[in-house]
Amino acid sequence: MASLTIKNAVKRYGNVEVLKGVDIDLEDGEFLVLLGASGCGKSTLLNMIAGLETVTEGEISIGDRVINDVHPKDRDIAMVFQSYALYPNMTVGKNIAFGLEMRGVPKPEREAAVFEVAKMLQMDHLLDRKPSQLSGGQRQRVAMGRALVRRPEVFLFDEPLSNLDAKLRLEMRTEIKRLHKRLNATMVYVTHDQIEALTLADRIAILKDGEVQQLASPAEIYDLPVNMFVAGLVGSPPMNFIATKVSRTEKGFGAEIYVRAHGAEHPILLDLTDHSTSVAPFVGRDIVIGLRPEAITQAGVGSVETQSFASEVDVTEATGADTLCILNWNGKEVMARVSSGYAQIIEGTMEFAVDMSRASLFDPDTETRLD
Amino acid sequence: MKSFAKALVSAAAITAAFNAAPLQADPKAEVLHYWTSGGEAKAVKALQEAFSARGGEWVDAPVAGGGGDAQAAVLRARVLAGDPPAAVQIKGPNIQEWAEAGALADLSGVASAQNWDGVLPETIQNIVKYEGNYVAVPVNVHRVDWIWANPEVLAKVGAGVPTTWDEFNATADKLLAAGIIPLAHGGQPWQDATVFETVVLGIGGVDFYRKALVDLDMDALGSDTMVSVFDQMRKMRGYVDPDFPGRDWNLATAMVMRGEAAMQIMGDWAKGEFAAAGKVPGKDYICASTPSENGYLLNSDSFAMFNVKGDDLVAGQNLLAELILGTEFQETFNLFKGSIPARTDVPRTEFDDCAIKSMDDMVSAAEGGTLLGSMAHEIAQAGAVRGAFIDIATAHFNSDMSSQDAVEKLVKAIKLAQ
Amino acid sequence: MSNSTTFVPAQNRSVLWMRLLLWTILLLFAIWFLLPAYVVVGTSLKDLAEIRGGSLLALPHELNFTAWRHAWSEACIGVTCTGLEPYFWNSVTMALPAVTLSTLLGALTGYALTKWQFKGANLVFALILFGCFVPFQVVILPMAQTLGLIGITNTVYGLILVHTVYGLAFTTLFFRNYYVTIPDELVRAATIDGAGFFTIFRRIILPLSPPIIVVSVIWQFTQIWNDFLFGASFTTGGAQPITVAMNNLVNTTTGVKQYNVDMAAALITAAPTLFVYIVAGRYFVRGLTAGSVKG
Amino acid sequence: MTRPPLKLTDRIARTLPQIVVAPSFALILFFVYGFIIWTGYISLTKSKMLPNYNLIGFRPYERLFQMDRWTVALENLFIFGFLFIFVAIVIGCLLAILLDQKIRAEGFIRTIYLYPMAISFIITGTAWKWIMNPSLGLETVIRSWGWESFSFGWTNSESMAVYALVMAAVWQSAGFVMALFLSALRSVDQDIIKAASLDGASPWKIYLRIILPSMRPVFMSAVVILAHLAIKSFDLVVALTGGGPGYSSTLPANFMYEMTFRRNEIGVGAASAMIMLATVAAIMVPYLYSELRGKKHV
């Protein structure tokens, strides 16, 4: 069983605290993505799991074994690096076999294992080449193969796709996902690309300044971000933040915003009744409403209790599957997602429906979620 | 790393094996010298052959040149390493200094057996004795205050070899007027100093030389006589061709041979150059002493024996000392080298006229008390003091420094060096 | 149209002039660089009479290799008349181990300092680097005492030690600056693959090092081969390196100079380093390109 | 949960880098810093013929700075060091740029420029001494071609001898600097050059304003290597000028040698060595500091 447990992991370089106490519990076979901007400590954490950096405080365990003081080679992990870190002087076959050779696996076994992995990654014809003779995607595969061949308990990926072009990245992403399914191994994956995170992860840990902001499934991260940082980081285009004030209405609670339509500003009361419990203490105070673009869509197709009103469209951006409309609320840009073909804009204005049940509400002072 | 450590260990083992005293004491000597090439090397080879003929094992350690005598560095390195060579070519006051440092072996045994006191002039005895005991063996005597002249060239202006400095200047002026370089000279510090000391001896006289260059009498050093010495040096500078700086002495000698220049002031090793070119003394060239009151500036090479352990090495030293001062070697060696024997009782038949003149002059100078050590060649002075003299002599000769300034600087430099 | 037709030849002409100027400068410098070599080689092929009589820059009347033969196998150095040959081999037995050792140690040190950054690694490097600047004259006396204490004075081991120590600063500099440009991830990957310090060095780092090994070896070989001071101070007699023997052959205090033999001796002494530069010169430049100079 | 302690082999493996650096470092500590301390101590003693360990304070330094020869040597070091480094870099840089113009036979010409580095200063010095000798060398030859006023007797002039040293030293090292710069030029990003020439910059400007400034680290490396050659220059002086005329072209290394080994003034020699080392440190320490600072956790 290869669960991975990180308990209050701290990393300090001199006086600089890079990780400030991280707790993560990973079950066997789970796929964890560490997401964050550069410098947030995600690579440091990965290196600590790998044993390439020492743990200043706290404990890291694989299974029921604390590995703080276990040499990387004895941790039963494999790692894929951003630059692939292929040994330039060795052929692809030797590159893949190196880890086995170091562990004293006999040559015939090594060759069989290498061949099997190469076959799995469809690169059995490349085994005699040197890394310098490979394309970017092929190098990536070799790097994967090098990790796979050892069948470790935990796979670690350090931004493995960031050096690839868009198309290859997509392909490899699927490939990794497929591998995960097939091997059912525990994987930790570092990236700054939220799409990768959302598509690959069983759970995502979002890091900022050495602290975990939220550790949850992609859906939860997407729908219920714990703070404005997480909300802004995940999702493309990002969540709209609308600063406003809570007021009491006949139905319950609402928040007034000014929407530009037909060349003038119109007051619109957004209905917050769905969130009564959380907004009740905020009556008369400022809050931030977070609305994903897809929560603002064309009126008339929505199924459930949605609110709808007219809003002027500054610009439209067709993305194929749907069209993004840029609106102007409270004098700020707001992004709406509309099904292609439904954008019926008359004289620059169109009727939009807002699904307030999917709104996230934040306290503007602490920037945290209100429920 | 491992193999290196092993190498260190085995190296230590090897040296230890060497250091262990061998059972029989065949004479053995390592000889550190700077006579590495040409006639000098032949001269040393003669000694080595004699040494081997007597059953000795000669370990040759030649180190020449390399930046103002690399040998000086080597010797110190060897002494500090606790492994000095048995015999080292050093001379003059350096012998005294090494003896004072307790580094030299006592040769009294050989000396009394061979009656050195009876055959060596007192001036030379003083050089190689420390506190009354012999610590070094003199090999030869070079005279420094020579003029080597081309008679044909001098005849062109109707002059002979000058016998006074006034005459020297007059002849030189005539030569200049005739478009001939009067003085062939190489502008290296020791050559500048060689000319300087002959001028001190000539202008100041024997007593002044002794006071100023030997006893370092400050009054003498700062005197008007010294000013006129520098005045004469300034004149000499005018007699030298413009290309002189850095020239080796033998190239200057060649200028005299070829008739480009009339005279050269140089020690009697210059004879070797003439001989090599097949020139005959008295006919193709003339050797005469520089103008002075019977002064004789002596340069004597010698081998000092360092304290060594081991019967074989001590036996080697004694054998070497005996051979070096032996009549036979003194003759062969000095014929090769162009110098005269350090001992006075060597047969003269094989020597040329210049050498015989040198021998006669040395005897009479020793009797008349005018036998002096050369400063430039490390007999009268060594180390810092000699260096200070050379610095000032060469700085003055190579610039337009006034004689007065030169004297002041000289006094200051000598005080600093003491 | 008319504009461009007058313009193009004018530009061609100026390009031609630039080219001519370029080649003139390059050739003038080439002459400047070759002049001393010409003088030395020319003199070594003349006989003494020709040297005394003629101009330094005149071509030799005929090719006369007597001086070369004399310097190599006949000339007397001290009391032994073997020419430079045995001393040449002395230098070889000294230079090869010293070059190998200092290069190996430099490579290991550079590797440990860059790829295994430990606390104070930069300070250690700075302290080692300063060793480049110690004039050798300064260390002769304490070195002599030390060699005496270890008991390897007057042996080739002593010289090997001395040259290894004072070459170490340079080799460490070269390797450290080269290894800085090798990605750390290679070492990390290999660590996870289960390779240790030395395995990574041997299997990953060393195979990537030939360019800088060439630089280091050329540099060290030149320095060690050309050294005179240490060779003169810490060896004697038959064990002396060729530079000391050459110096003994050339220098005479009161003897006759044989310039042709001197020059031939100088050329024989310089031959191995010249050979190395001429043959491996382009690898040298390539090695420098590969990162040795990127502070 | 169990927490296995670090295995002994791993514990050794973790300190292996230090263990490997240790011998080299120990060698340097002893043979460089130990010897510097030794020299520093000796510079405060009355050591004459052999080292003497009785301290007498700063008297050797006082005597040192009263010596005209030393003042000249120190002054020469600054003139020589500055000019040598400057001229070698300018010529090396120029040659590198010229050779970078897609020259035919580049390898051949490069070898000609580079070969002096292979030759010891003793030989370089001797060869140039002959060439600069007014009666033997270039001067006579050029004059015989009809240029009567040509003068190249630098070694024979008190004021020019230092420049003769500079010339020979530049001759020796310019090729090496050229190699450094050439290699750096070859690794400059070609896109920058393309972009600049599209912007209409002339080739001359591109080199001066864009390429050369981007090679700052190479300049620094060149300065360090040349500075080490300058401070260690000893053989060249011996072979080329013998420190003369007079002692006008002595350098501190020669002074130190002369005092220590020829004049039995080991104390003064050690003092001069300490001043030399202090000079080097004054130049090198700021450089090393700026180069190595901020590169801690690469």
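Letters are used for the chains, namely A, B, C and D, taken in the order the chains are written, and counting of residues starts over at 1 for each.
The rule is simple: contacts are C-beta pairs under 8 Å (C-beta built on N, C-alpha and C of every residue); 3 or more make two chains touch, one makes a residue touch a chain.
Everything quoted here is computed from the prediction, not taken from an experiment.
Among the other chains, A has the CA centre that is most remote from the centre of subunit D. The chain pair with more C-beta contacts between its two chains, of C-D and B-C, is C-D.
Centre-to-centre separation of subunit C and subunit D, using mean CA positions: 15 Å.
Subunit B and subunit D have Cα centroids separated by 36 Å.
Taking the mean of the C-alpha atoms as each chain's centre, subunit A and subunit B sit 90 Å apart. Multi-chain contact residues of subunit D (touching two or more other chains): 13, 23, 51, 122, 133, 234-235, 257, 260, 296-297.
Within subunit B, the positions touching two or more other chains are listed as 1, 66-67, 73, 76, 80. The residues of subunit C that reach two or more other chains are 105, 140-141, 143, 228-229, 247, listed in rising order. Note for the complex: subunit D touches subunit C at residues 13, 16-18, 20-21, 23-25, 27-36, 38-39, 51, 91, 94-95, 98-99, 101, 103, 107, 109-124, 126-128, 130-131, 133, 136-138, 140-141, 144, 171, 175, 179-180, 182-184, 186-187, 217-218, 220-221, 224, 227-228, 231-232, 234-235, 253, 256-257, 260, 266, 273, 276-277, 280-281, 284, 288-289, 291-292, 295-298. Those residues of subunit C lying in contact with subunit A across their complex are 183, 185-186, 188-195, 199, 203-204, 207-208. The part of subunit C that touches subunit B in the complex is made up of residues 52, 75-80, 101, 105, 140-141, 143-145, 147-148, 150-155, 157-158, 160-161, 228-229, 232-234, 236-238, 244, 247-258.
Against subunit C, the residues of subunit B that register as touching in their complex are 1, 4, 7-8, 11-12, 14-16, 30, 32-42, 44-45, 48, 58-67, 70, 73-74, 76-78, 80-83, 85, 142, 248, 250, 254, 267, 269, 272-273, 276, 337-338. Those residues of subunit C that touch subunit D in the shared complex are 22, 25-26, 29-30, 32-37, 39-40, 43, 55-57, 105-106, 108-109, 111-114, 116-118, 121-122, 124-143, 146, 164-166, 168-169, 172, 177, 180, 184, 196-198, 222, 226, 228-229, 243, 247, 262, 266, 269-270, 273-274, 276-278, 281-282, 284-286, 288-289, 293-295.
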